[in-house]
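I've put the structures underneath this note.
Consider the two complexes below, in which chain A is the common component and chain B and chain C are the respective partners.
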Partner chain A sequence: MKRYFKIYWTCMRSAFLAAIAYRMDFIVSSIITLVGNVLFPLVTLLIYRSGASFPGWTLYEVLLIQSVFTMSGGLANLIFGGVLWTTMSHIREGSFEVILLKPLNPLFFIVATTFSPDSIGVLVGGIALFLFSVAHVDAIPLLSWLPFAALFAAGTAVMAGITLMMAAMSFKWVGNSRISELADSVLHFGKYPLPIFPKSIQAVMTLVIPVGMVGFLPASALLGRVEATDFAAVLPCFLFMAAGAWIYRHMIRLYEGVGG
Partner chain B sequence: MRPVIDVQHLTKTYRTYKRGAGMGQTIRSFFRREEVIVHAVKDISFAIGQGEICGVLGPNGAGKSTTIKMLCGALYPTSGDIQVLGFSPSRDRKRYVSRIGAVFGQKSQLIWDIPPIDSFHMNKAIYGISDADFKSRLEELAELLDIAHVMEKPTRVLSLGERMKCEFVMAMLHRPDVLFLDEPTIGLDVVAKVKIREFVREMNRKQRMTCILTTHDLEDVEELAQRVIVINHGEKVFDDSLQRLQLFLGDKKLVRFTFTDSTRGAHFENAYTRVIERPSDLQITLEVDTSLISISEFIESIARKHHFSDIAVKELPIQQVVMKLYEGEQSPPDMQSTPEVSLSR
Partner chain C sequence: MSGFKHQWRVFKTVADVTYKEWGAYRTHSMVSIIVGPVYFVVQYFIWTAVYGDQSSLQGIELSQMIRYFGATALIGYLIMDFADWNLSMLVRTGKFLTFHLRPIHHRSFALFQKVGHRLLGFLFEFLPCLLIFIFIFGVDMRPASYLWSFLSVALAFLMNFYVNYTIGLTSFWLVQSSGIRSAFILVAGIFSGALIPLDFFPQWLQILQFFLPFQYIVYMPAMVFTGQYSLGGIQLAMEQVVGLQAVAVLITFGMNELVRRRAMKQFTAVGA
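Showing the complex of A and B:
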């Protein structure tokens, strides 16, 4: 385990050095990622300013869901964000054997070397929005932070699972650069209070592709709106991530390289 | 003695789809794809002993790189068995790859935007090399390859030769027992090629490192390999020493004459002589089959008819030998009867 920590640290350091090698590119891409992810709550603000609302949810409660979603996305992108594009590019160029030459789990090596520091902006932006929302909702009991942490970790596992599954698909579906749009469209459901959707969608979003766990349930824990049964969705989240990792490793067997 | 690399009946088959060319075929294939089975490697067997350098030759698409990738554990064979250092590369990949190194001429292990030294540190952590070993090993490799002055420059600003030398450091830091080289000198200038060949020779001598080298540069093979395997259309068509490869077409030599008088109208072709090049009436290069006529008799026969001021006798270039193999020319009977040599078309 100690060896793996050391490898992760060294690879992460290299990824960080590579990311900041081009200063302007790093700054501009950090800002674009931050703006793209942090400004979407503006839509919520506009909805509430125009007098409409999500029934049963105040503006700051919805913002809290969206800030948790942003933090979770930022954290997952920081750690897993580069896996999709790196896998896709290695497969298209037939250079995945460079990964397989390392005496490591290939998924671990890709995760370690594709640490994406430009996602720090999203995480920090999410934290800022989170603190702002927390300050405007009712007082949060100290005990609510524990279930929040568990559900937040589960939500981040869902984000990671989605990334791994998309990356795994690129072994078979070579060169599909729009694959991430598919995931984005599913993830949109996680940005809003789950009860506003029909029951069938709620079930899918909790148990099949558990995107409801990303923002909604952790925020609900802070607001004291979760029930004991909601925690049943925690296990599927980690199973979802494990399934992503398993599918990825299975798909490596399909790798065939390109002509030499 | 048990060979370091033992390959038995190795086969790799791909399933792909025919896409066609032009608008009509492309649109047709969009709706109805025709499945194509590609036999990239067909029933190849060979064994390589410790400390041997073996060259693998073959035209583009012959199956060389696919074979190397399967030997590295990066591709799963469709059938057959591979044992390298007692490991099955695809089944014991993690433990196995810690004992091998690989340099791919067209695929980099270095991180493009940061200096090679940072990539070397990454490999140090991955292979669990101690600080003292890393320091001494890096100093040794940097001196042998003359790269001390470039290790701290970003990889992207290095020349191709400098980058390739750094790729060798990446592959050699953990002292592999077997080194796989896939076209390592592609695109390099003569100076860089010579340096890299010297390096491989030195590592092979000092560490008794076994090496498999695929290349299109026959000089690499002539300079490094004692043994040559030729692959064409996925099949092994030759497996023996370099000398035997040169003898493949029988005892043939090239003889170049520079005449003092014009030879216009003279005929040189006969049962044992073939004109290779005739740039002017005063110069000619002939291929002579020395199994039918001795070189001295041949020179005498020419001297009886023409006066010449210069003569050069050379072995048949290996390039020509390999081209004949690629084209599937039949082997002479004495080669077919040699059990060590496999010739199949």
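Showing the complex of A and C:
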């Protein structure tokens, strides 16, 4: 275990050093990402500014959902964000053997070597928006932070699971740089209050592809809108991540190389 | 006349080759058949919830809003472009040098490539999504005027290309221009009208859009499609909108040419 931590730490350090090789680009990219995430709820702001609203939700409550979603996405991207592109690139170039030859679990190796400092902007932007939203909603009881933490971890697991599934897909759909768009489109459901969607979509987004867990349920926990039964939705989230890891490892077994 | 004929032959060949090249990866384009309708469904439910009992918001009725988002999705497939990424890659890898040796202007080459690439987009993204919107979602996707809509989309196509190409030219100074590209994508995403009609922005921001390139890429063609254009309190007839768009394209082309000339003086290469 200690060895894995040491490897991960070394990879993280290398990723930061690589990022600052083109430091101007890194700084600009990080600022843009940060600003982009602060601006992401602009649509919501403009909707509320026009006098309309999502029924039953105040502006800051919706912003809270979106900030939790952004934080979760930022964290998952930081850790797993590079897995898709690196896998895709190795598969396209036929060099995945290089990873299989390493004396390390291939999935861990890819996750460690693709630590993405670029995503720090997303995380920081999400945290800024989160603090802003929390300051504007009704006082949050101290006890609500515990279920929030559990549901937030579950939501981040969903994001990780989606990334792994997309990366696994790239083993068969070789070189398709648009695979991530599939995930992005589905994740769109998680950025808004789940009750605005029909019951059937809500069920799918909670139990099958649980993106509703990413922003909606953790934010609801803070707002005191969750019931005990809602916590049952945590299980599908971790199962979803486990499924992502399992499918990825299964696809590794199906990989056919030509010598790297 | 022979010069024009020659250009036409080059255009046809480059577009044809690009079509065939990307045709090998047509299933990549077909991702849009899933992504486009999913985004549309999300927009549909968001706006249905937001409208609630209200018949109109910012002067736009719900049905018009749905048509607007259908149009922005479809127009996006027709004008999609990554000339900025491509040019940036050529500069960074030094491959741009090979274009100096070819008897064709790189910008023309890139534009012809885009035509071929979007022809593929028309067949494998635009048409399937159009059919899904009409027959599965039951959205009325008939443009208010076929002629003006066609012209407006054609101008948006050029506008998008020239703006992106200009962004790509920054690589001659920055080498790695992904930061600038991300910045532009971010701002364009907001102000092009793809996320929300520009009518929802404050008045001063709406007026500012006349002097920025973004609304000419998505908002204008989408509004020409719906047959109603108004921004910043200014209402324009369709022929006026298209005329304004043409002027904006000419100005952008001029600016692109200026930046390109300066960029060429920056270019250094050691073989590719």
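We take it that the second predicted complex is superposed on the first by the 252 of 260 C-alpha atoms of A that agree within 3 Å, B and C clash if a C-alpha of one lies under 4 Å from a C-alpha of the other, contacts with A are read in each partner's own complex, and residues count from 1 in each chain.
What we mean here is this: a residue touches a chain if its C-beta (ideal position, glycine included) is under 8 Å from a C-beta of that chain, and two chains touch if they have at least 3 such contacts.
These figures come from a predicted structure and were not determined experimentally.
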Following the superposition defined at the top, how do chain B and chain C come out on chain A, clash or fit? fit
Any idea whether chain B or chain C touches more of chain A? C
Does chain B (first) or chain C (second) touch A:N176, or do both, or does neither? second
Should A:L17 be classified as contacting the first partner (chain B), the second (chain C), both, or neither? first
Which of chain B and chain C A:Y255 touches, first, second, both or neither: first
What is the contact status of A:I32 with respect to chain B (first) and chain C (second): first, second, both, or neither? second
With both complexes superposed on chain A, which partner does A:L146 reach: first (chain B), second (chain C), both or neither? neither
First (chain B), second (chain C), both or neither: which does A:A242 touch? neither
Distance in angstrom between the closest Cα atoms of chain C and chain B, superposition on A: 7
On chain A, the footprints of chain B and chain C overlap at residues 22
Contact footprint of chain B on chain A as seen in their complex: 3, 6-7, 9-11, 13-14, 17-18, 21-22, 93-98, 100-105, 109, 113, 253, 255-257, 259-260
The answer for chain A against chain C in the complex is residues 22, 24-29, 32-33, 35-36, 39, 42-43, 46-47, 49-55, 173, 175-179, 181-182, 184-186, 188-189, 192, 196-198, 201
Which chain B residues qualify as touching chain A in the complex? 14, 60-61, 64-66, 68-69, 72-76, 93-95, 97-98, 100, 102, 104, 106-109, 111-114, 118-119, 121-122, 124-128, 154, 182-183, 214
Please give the residue numbers of chain C that touch chain A in the complex, ascending. 25, 27-28, 31-32, 34-35, 38-39, 42, 45-46, 48-52, 54, 57-58, 174-180, 182-183, 186, 190, 195-196, 200-201
